[in-house]
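Heads up: the structure comes next, in structure tokens.
Chains: A, B, C and D, in written order; residue numbering restarts at 1 for each.
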Amino acid sequence: MSTRAASFRIDCSACLDATGKPIGKLPDFAEDANTLAALYGAMVRTRAFDAKAIALQRTGRLGTYGSSLGQEAIGVGVASAMRVEDVLLPSFREHGAQLWRGVTLEELFLYWGGDERGNDFAGPRRDFPVCIPVGTQFPHAAGVALAMVQRKESGVVVAMGGDGATSKGDFYEALNLVGAWDLPVVFVISNNQWAISVRRREQTGAQTLAQKAIAGGLPGAQVDGNDVIAVRAATERALAHARAGEGGSLIECLTYRLGDHTTADDASRYREDEEVSAHWKEEPLVRLRNLLVARHGWDKAKEEALLREVRAEVEAAADRYLAIEPAPRRAMFDHLHATLPPDLAALAEEAAGDG
Amino acid sequence: MSTRAASFRIDCSACLDATGKPIGKLPDFAEDANTLAALYGAMVRTRAFDAKAIALQRTGRLGTYGSSLGQEAIGVGVASAMRVEDVLLPSFREHGAQLWRGVTLEELFLYWGGDERGNDFAGPRRDFPVCIPVGTQFPHAAGVALAMVQRKESGVVVAMGGDGATSKGDFYEALNLVGAWDLPVVFVISNNQWAISVRRREQTGAQTLAQKAIAGGLPGAQVDGNDVIAVRAATERALAHARAGEGGSLIECLTYRLGDHTTADDASRYREDEEVSAHWKEEPLVRLRNLLVARHGWDKAKEEALLREVRAEVEAAADRYLAIEPAPRRAMFDHLHATLPPDLAALAEEAAGDG
Amino acid sequence: MAELTMIEAIRAALSHALETDPDVILFGEDIGIDGGVFRATDGLMQRFGSARVRDTPLSETVIAGMAVGAAAMGLRPVAEIQFSGFLYPALDQLVNHASRLRNRTRGRLTCPMVLRAPYGGGIRAPEHHSESPEAMLAHIPGLRVVIPGSPARAYGLLLAAIRDPDPVVFLEPKRIYRAVSEAVETDGAALPLDRAFLVAEGEDLTLVAWGAMLAVADEAVARLAEEGISAELIDLATIKPYDRVAVRASVAKTGRCVIVHEAALTTGFGAEIAADLAEHCLTHLIAPIRRVAGYDTVMPYLRLEAQYLPDTGRILRAAREVMEFT
Amino acid sequence: MAELTMIEAIRAALSHALETDPDVILFGEDIGIDGGVFRATDGLMQRFGSARVRDTPLSETVIAGMAVGAAAMGLRPVAEIQFSGFLYPALDQLVNHASRLRNRTRGRLTCPMVLRAPYGGGIRAPEHHSESPEAMLAHIPGLRVVIPGSPARAYGLLLAAIRDPDPVVFLEPKRIYRAVSEAVETDGAALPLDRAFLVAEGEDLTLVAWGAMLAVADEAVARLAEEGISAELIDLATIKPYDRVAVRASVAKTGRCVIVHEAALTTGFGAEIAADLAEHCLTHLIAPIRRVAGYDTVMPYLRLEAQYLPDTGRILRAAREVMEFT
């Protein structure tokens, strides 16, 4: 004999179709032209940063770089729903979220240029730097949230990762702990269908990534990740839920990686051009621009002005970055410990002599 | 706008109630008196082994030991559904499963007595030894299954762990891989409500442990783990599913740890006697005996004969174990590598001199 | 002044830290109502509440990673790994995050966390429960590794570790948790990190040890004294960064050195000490440097563990060899 | 005989193993259609099928643990960790299982697996991509650690590792994956494990190095020759268990030793070599043993990595100091 012990359901939400036509009623914030223009501007800025970063890398002036081309709506949508005092723990592909939160273009160039000082951003001082070891940011998020609860802050923690990251033990252990302790952590998964050369469906047998939340007893939902309005709305719901003390949740943002994995990758080795072209039809910028044009008088002049402004800003930031001298060898020792133990102080001096 | 992306359901199955009354029609094997008597005998034997092991530990003649008191139906139910050529990867509490599979009482005493030779059992030569680092057996199970698939064997792999083990990254990574590759692995979770002093509901926010399977895209089900018939039936279904090439699954067996965590533990520090007493009413041996009495002419004489036989067997095995001399120091080097590198050979000689 | 065992001293230090610093929180498996499997946190949850002394799920990776996150926000997490054999899933967080958060953010985010774990053999525990991983941890730049050698040092060093602005792994030699008591001033005074302690002064030979091996070495010192050999015994206490100056000075004086540790020989922490001496004290050395260590084998199960662990006999033989060397 | 780079030699060895032994299977992240991020497995999936050359989910713990399970059943898994910086989640499986499965089952179950990982700096990679963890691995009893120093040695040692009945971690110095080619006989002949290779014979000084540091040390040998100093250069190749006999013999001859490695100084593998010499070669030593190593810092980001890595200049300075020592 068999009885039902539990049942679950995963929903997927969207606000705009691929052409920018609203599907049903839009959230209130999306009725405001300025808000939409800001979201659009942030996505354009992110894309311009990406393009410049790739150009710098190609000419040997930046390290290996992973662009967020086609995924701009996620970073921007998520960050725009957050408060300043919330804490972001980004993966390596969420430039849009970092930029919206106030990390500067110059700081990002510096980081990707291979300089630790890029992580010492003036902006959101408690936000974590980019996380390279996949999935390891999720346990941190639990700790950040624990600290907030302990201090009775009302902040929420947002930890972002890719579809590949959902295969890591770190991710599940963190999900489970957040569920067990009802911590205010929102897990955002940017499912861009690829983890380098591994397809989403080879990554896991799960029908959705959102359902992984069920393992930790958390609510999970899918959202159209190329729809910045839907992403922001879903994040707002998740943040409100957490802020109300109801615990964490997971949002799977469905998107597509239009570029190579990084500048060190050649995606043509493992996927067809046609697949990529098909996904260009769903990319996030055009659809929001279409909405702006249709409803809020966006036009060619505004578009060009925006592009000019953003490009100038990016170029200026790149120039400032390129003018920064590398730190001296001694810098390796500067922040190893709060104060250098005598042992290492001797070594640091020796090292200076190696110069 | 929101659409349904996926939905899931977790069921719980049972065959007998706590008094041994069938709930609905029993599986065919449970109509056979000999089969039921064998299952009952194996549970009684497991319990007798447990009692003797604790007695030996208390008198300094065995190492720290974790008894399976109250959980006998899981090991026996699961193992009785397996074929010889299937492979078992047990946690440290599945003595019943190991014994059914053919590991001898003496070998188990030797292992728990702190002697590696106890793992060199004559019995199921491919079965793994007890796994102490919680959860680490699940990745092994994936590898064993991969080898079987690679060699076109029709075996299935059964990996067992506790409720606490479901919090480990290893467990989830293995679940996910088994789901992604459709490997023939059955995950059996003995949910005895406690991980040392941590209650099941502090271990995870998930309503059931079975639902953790959903994260890997596998089917998950609960079963009354004190009902050996239900456990065996659920395992048979899962094994048939895997053998048919349809992939892995997870079974959560609901039970209760009636004893201390191990002989090093004192459960009265963290749980009430009343809770334990209440669970004694649901323990697995009595209910199967009641069924045997009600349907198959089991009586006091048979019961006493069984107990006598089992106890004599356990005592004899303990005596043989106690007669085994510890290995010489040299044994540390014997199986470190297939052949000892010169480096270590020198050290081994030195060590002999340390004697 | 109370007579405390090491486990009591550790509890007293944790208790003092919880009392005096609201940012201190403890978490780990079974540290709450059960008070830890060795009772290091006995009564602390009852006294300070389950928000500050908290049982975690069975997840070492998230225990370590959560400590990093909480520390970055300014808390002072003191996390427990139940046995050092289960510390490996936490290693990624130690290497890739805890030890370098300060460095990679140029001091913007820091990691004042402590990860405590009982370690070492000698208590007839099951497999995987008796290993000594200090050398691996000592190879992680940016991380401190501290091992107390007595109740008083456990008290003072644990407080120092908790107050240190950087991450510390605090390995507790469980074999001597209850072996001896000594008078411990529980006044909240910390002992200095990165400094060795001179346990016995001597002229002929330097013994370097830490953790449970100190007692074994101490006995060797007494036995050697009977033979007319005057051995100096140093408790390293902080393994990384260790007090090179103290060890070099001692060996410069004695000209002979025997290092004792439980961990396997190859790349054990004794290697670092010997290498440092071979570079900086060569001219003072009048005999080969000997390492008395666990053999290069897997730690055996309990029936053979006493045969694996360095004992006084092995130390004596090495010391005599070194003394007789010409 | 083909002129091969190291990455080509590795691919040739993998290919030969797949051809000749049906039990060999490869798995790891992106090793299939993409051929691995460094192309070590380029074309192999296409040639041997995705059942034998298989992309895994992004899960290092299960990659290592699955290798243990498959090896226990008699397969010869060759698993790839994409960069050594992501090897730490696999460490628990290496320490607690791979290295001791044979021992704890008294030979009933064994673990003939290879875990390959590119390691080391010098290619301007992002953070966490350039570290050298060999010393941690060398501290695990029961595990072999092999690091090839040239294309031919990569070919022969990888085949030996795959054929070895016990677990091997095979660390590939990615900086020299494509640095040079040499003639490699791809006839399936393995080179011996546990043996050092003599790269240059000399009389005055012994240099010990491995991996990418060999090229740097080799340049130092040439420069020293110009100065009239005859340096012997040893490629350790197998780090654990290493060829103590060869190193001792060389130092017994030269009386001087400089050890070079990229990894951080403290408890780096150089410590073991120096410690062994300080015990077994003391009377032959006419100068302090110097270790030229990565500083005891976190490996810096790419803008400073060249300042971190030992270079010929640092080796020369150490060698001259050692030569001038009196």
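The rule is short, and it goes like this: contacts are C-beta pairs under 8 Å (C-beta built on N, C-alpha and C of every residue); 3 or more make two chains touch, one makes a residue touch a chain.
Here the structure is a predicted model, which means the values were calculated and not measured.
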Chain pair, A-C or B-C, that carries the greater number of C-beta contacts: A-C
Chain separated most widely from chain D, comparing mean CA positions: B
Rounded Å distance between chain A and chain C, as computed from the means of their C-alpha atoms: 40
Whole-Å gap separating chain C and chain D, where each centre is the average of the chain's CA atoms: 30
Chain centre separation in whole Å, for chain D relative to chain A (CA means): 36
Where chain C touches two or more other chains, by residue: 57, 59, 61, 85, 89, 92, 96, 103-104, 127-128, 141-142, 241, 296-298, 301
Where chain B touches two or more other chains, by residue: 116, 133, 167-170, 173, 176-177, 180, 202-204, 336, 343-344
Sites on chain A touched by chain D in the complex: 63-64, 92, 113-116, 132-135, 164-165, 167-170, 195-198, 202-204, 264-265, 269-270, 326-327, 329, 331-333, 336, 343-344, 347-348, 351, 354
Footprint of chain D on chain B - complex, ascending: 87, 116-117, 119-121, 125-126, 128-129, 133, 136, 138-148, 150-151, 169-170, 173-174, 176-177, 180, 334-338, 341-344
Interfacial residue positions of chain C with respect to chain B in the complex: 29-30, 32-35, 37, 55, 57-61, 85-86, 89, 124-129, 265, 295-298, 300-305, 307-308, 313-314, 317
For the chain D and chain C complex, residues of the former touching the latter: 61, 85, 88-89, 91-92, 95-96, 99-100, 103-104, 127-128, 135-136, 138-139, 141-142, 240-241, 263-264, 266-275, 277-280, 282, 285, 287-291, 296-298, 301
Contact footprint of chain A on chain C as seen in their complex: 25, 51, 56-57, 59, 61-62, 64-75, 77, 89, 92-93, 96-97, 102-110, 141-142, 144, 164-166, 194, 241-245
